[in-house]
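Across the two complexes that follow, chain A remains constant while its partner is chain B and subsequently chain C.
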Partner chain A sequence: MKPSKDLSERALGWLLLAPVGILLALIVIYPVGQLIYSSFFTIRLTEPWLGTPFVGLENYAKAWEDERFWGALQNTILYIAITVPGSLAVGLGLAMLANLPFKRKWPVRLALLLPWALPLVFAGLIFRWFFDFKLGFVNDFITRFGFDPVPWLTNPTMAKIAICITIIWKSSSFMALVLLAGLQSIPKSLYEAAEVDGASKWVQFKEITLPMLVPAIFVALIFRTITAIQTFDIPYAMTGGGPGDSTETLAMYIHKNTLDFLDFGYGSALATIMFVVSIVATSGYLRYTQRSAGRD
Partner chain B sequence: MANVNLKQVVKSFGETKVIHGIDLDIKSGEFVVFVGPSGCGKSTLLRMIAGLETTTSGDIMIGTDRVNELPPRSRDIAMVFQDYALYPHKSVFENMAFGLRLRKTPDAEIKKRVGDAAAILQIEHLLERKPRQLSGGQRQRVAMGRAIVRDPKAFLFDEPLSNLDAQLRNEMRTEIKKLHARLGKTIIYVTHDQVEAMTLADRIAVLSAGHVMQYASPDEIYNRPAAKFVAGFTGSPSMNFAAATVSADGASVVVAGATVALGYARKSAAGREVTFGVRPEDIDVGGDIPARVVVIEPLGAETLVTLAIGSQNPVEMITRVDADTKLASGDQIKVSINSAKTHLFDLKTELAVTQ
Partner chain C sequence: MKLKKLALAATLASFIVGTTAAWSQTTLRIFTGGQQRPDVMRKIADEYEKRTPGVKIAVEVGGATSEAQQQYLNTVLTSKDSALDVVLIDVIRPAQWAAAGWAEPLDAYLGADKAKVMSQYMKAYADANTVNGKVISLPYFADSQFLYYRKDLLAKYKRPVPKTWDELMETSQIIMAGEKNPNLRGFETAGAPIEGTVCTFLVPLWGEGGDMLKNGKLNLDTPEARQPFQLLGRLKQAGVMSPNVGEIVTDRIRINFQAGNLIFAQTWGYVWNRSQNDADSKVKGNVGVAVLPASKTGKSATCIGGWQLAVSAFSKNKAEAVKFVRYLSSPEVSKMQAIAASHLPVFPSVYKDKEVVAANPWFEFAGPIVETARSRPVTPRYQEVSDAIRSNMNAYLSGTKTTDVALGDMKKRLEPVFK
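Up next, the complex of A and B:
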């Protein structure tokens, strides 16, 4: 009797897993497979007479020599390198602020949630107005202190700074939410014990808050890094990739190739590269967290 | 080592007063237990001494210093928390060394002190482990070790044994008593468990609703409770109470139709209605008071018997008898009450009537 029972249990297990498996296959495995498959073909809707011939790695070779691709990749990496740590720092500050014993907690939580709930394009448009040369709030503010107005969105360097500030503003609230959950799971008695032990507030932060927040920080970093790799909406709304293509990201360049130039083969190859970059970046984090989990 | 003095200490949360002007003197090296039901303010009072709660008014003195305005770290006290509050990411050694490191103690000295404390608490083999790799009892020891290494003026224990199972709690209770004998330090210990209070304390402060009901030795608390609350809170099973009328000369009372002689006359209550109290061990089988056996609960070493005592409107009282006393529920028997161990409490104030 026993083997058949095992078998039926196993079958039941598979049966229960099946809906998720099917869903994953439909929304993840099939599209990604199709994407990688397309990247080996020339599919140019503007030149239908070419047909869709198999070209092997030609699209990837084209990317290798495409300066605009390297520029977009460089910008993407720059945004990751600045906005991931940036929003972690700002998010941690906000989380600690929100964790203070306020009489009314909901206004603080609301203020924290608002930037997160706002659609990315809205945030981009709002900040585009903020950073506007003539009408913008930022230039109005700095000229009151006697500084010259800054061409925020028309100077390549200043445009990158403006975009990074906007991304950090937009993404810090998500970081703060994740970190706030982490902060609230730290028992109050640990701080009291440290207080009695003689720890100043700074030592308490360094010796208790930070080490105990490491898992939450990792979760926040993984999510933030993935979204940073895919940065699109905010630079699209603020500068459209300009001036020139100086603020263009990889996601924007993929969008441009597929939807503006209708070059699906090349676009697919670029998207595959971005997919690989995402996998590599997150697996790095995951490996680290698994290792530290194993060490504990 | 230092004495701790509380003078008219008050704590209010907004409009709500939770500690009502408490005066306590705790001598240097004394083991004092704050005991009371949950919500009586005992933990709040301890946390005020630690500096984890502000003091609304009054003075808290540790040694000769008024510490009201000092933060916990400047009060030179150590505290053991109910949930142990060990730092989860630090090893046992680092948990114990943390306070010393913050006080810039040299490494060699830290090693020596942690080693000594670990030896006293028998946790030397655990020093490299993380708290989550320890059992409840071991964590408890580490928490005490963290307090010991600091060599503070006073130790504060906040219900340290309540997360342990019954057997471990008994073991650790003995350990704490040994530790006090060995270190001779001032200890203030909070518990809701009257057994812990009775066994550990040099003096017990029984608290109720933010007032100290009685502050005395365990013997005094048990044998001469100052109030009905104190009498009912100590002993297991607790004291039996019944409505009674004091005779005209104050030398006896009538309880459920039966006359019980008092150890000494209470003239002040002559002829009045009072609450009569007697502990289970002070009711003996054999005598002239009629009683009916209601329930029998054998505990092995002894047996608890619930009796309906008296001739008119009998009142239920619990007594302890030898395990080999042969009784069955429904038996009609006679009992006597030890006059010297009788207590009277005022109906209104619930304070002991002693004159």
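Up next, the complex of A and C:
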């Protein structure tokens, strides 16, 4: 136990924290509070004569009965379930590859960085052309081998596959960057000792690389999961949610309700639900990491 | 002494005049879509700048589709941003703009001239721009959907321009079988989840004698409401329509038609000019434009389109903006657009103008078609209506919903709007 600091020092501490605190309050806490507050009102810009009456949980009740909301939630969960492990696996492979002792490191690093640096919506547009039925590279490729062209973006299953491929391509490089940093912090001596003991490459990977990489994997997973919950740009650019609403995500449906239908009350309720889902998902990870940190 | 005073006064006067001239320099910002020929808008704006000293026009170009533009405008206007002075809006939007209070009503500016000004336009456009008796916007150009066809291919196979959808299907199959070109399809219309797909649904519905609303109530429990699905389903199944119709957006139809990959297309007026003048057009001189086919029992119907000029309620230069809008919505500009972009005029008189007809021979019969073209449902909640129609039509065309499911889901989403 340290002796308690004198008051002036503590006051100084608060004073130094204040700017950050105010900034956070302004750009995080206030909008989130405003969002939750709006979700209890009817705010429809298309019908201003309705006013903005307090409706309690009506917007949430509407979501409960809204099939399209459940569909969008289901799609979002599907994208998380596929693209988070998918990009982890691909990203780990890329990181191992980039960690090999290349003579020139920068071309490898650059190749890793490029997809990450590309704006999401550009990635979506590029892959939309890739998967285009008539003009796309993918169909051109498979028809050269005598297969029939696939209606990638107008078939719900195919469209989901195409979107997942794009998301994994786009997000793997970020995973790889984080994991590469983790790989480089593993002491070489561990591998040398394993060599001496006659451990195979696979055993080295399983017993040294993976356990040492766990903290980096967790960091990567948290960031990736949060962005996966918010998936918007890529399906928006590739299919616009179609065919029908079969590839629509929660973020897209929120955007549709607010910026398209101008129904800010209902949109806020949906956004609040998404916020809660994000909090639950990340706190799950955080608790797990804290527990494993406590074990050390 | 007197002279000196005079010189001083003169200098002072010229200084004041000079600064007021600099002060009175106004820049008006007009927003237009990428598909509404911003290049032509720029030329018209240049002409206006020449005539109106002290006014500069900045043309801001938005997204390629009507809904992409409106989504952007929604963010600008809900935040009451004064950046835009004049906005080009789709014919379906005045009701929404009036309800949201985004458009400056023009009645006060038109004053005693209101009735006279509005009576010059084709009636459909005078109506479309008036909401609850208030003039919300003024028409920039008219539009409706037509049947584009390949004159050369019809002549080669000695087929007439189809009057019914059955004829269109039969002719398509004959030509496709004869040409043996795997890239050639018979017919195309918008099928992606975009605004144009609403017309893909409404045209066959109207053609069969049906309508979406009856006395303001939803009216889709009729046999006619099944017609759009049955017709387009048949065309797709027969291979007349491409299997990827679910990803076809408006301008893609023009691209495919211009590349020589379509015999027939259901699309808007602008395609004529592009198919005749674009360097990459393979169908120059071989394009015909006609009325859309009818069903066996019904009458041909078409969707009204066109773009309107609204003055933003948040503009800081409303008076100047209204003057500019009055210029853009004049017979003179209507004629400039007709020649430069095959934009259909909003004044009956311009259709008969010699130079206009020389550039667009089909305008002679287009006028009456535009006059009888029908409006998509008018409601401030139009975006929800549009979304219900286009997403279910898109699901049906992509083969993921049957007629019953698509129509049922469409009704379920439309009911709360028209309750």
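To be clear about the criterion, the second predicted complex is superposed on the first by the 291 of 296 C-alpha atoms of A that agree within 3 Å, B and C clash if a C-alpha of one lies under 4 Å from a C-alpha of the other, contacts with A are read in each partner's own complex, and residues count from 1 in each chain.
Convention: a residue touches a chain if its C-beta (ideal position, glycine included) is under 8 Å from a C-beta of that chain, and two chains touch if they have at least 3 such contacts.
Nothing here was measured: the structure is a model prediction, and the numbers come from that model.
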Superposition on chain A - do chain B and chain C clash or fit: fit
So in the superposed three-chain picture, is A:47 touching just chain B, just chain C, both, or none of them (first/second/both/neither)? second
Figure out whether A:197 sits in contact with chain B (first) or chain C (second), or with both, or with neither. first
Check whether A:189 is in contact with chain B, with chain C, with both or with neither, and answer first, second, both or neither. first
First (chain B), second (chain C), both or neither: which does A:212 touch? first
Spot which of chain B and chain C makes contact with more residues of chain A, would you? C
Minimum distance between Cα atoms of chain B and chain C in the superposition (Å): 52
Taking the complex as given, what residues does chain A use to touch chain B? 187, 189-190, 192-200, 203, 207-208, 211-212, 296
Can you name the residues of chain C that touch chain A in the complex? 67, 70-71, 74-75, 78, 96, 99-101, 183, 192-194, 242-247, 380-381, 383-384, 387, 391-392, 394-395, 397-401, 406
How about chain B: which of its residues touch chain A in the complex? 50-52, 71-73, 77-79, 81-83, 85-89, 98-99, 102-103, 130, 132, 146, 150
Would you mind writing out the residues of chain A in touch with chain C in their complex? 45-48, 132-134, 151, 153-156, 240-246, 256, 259-262
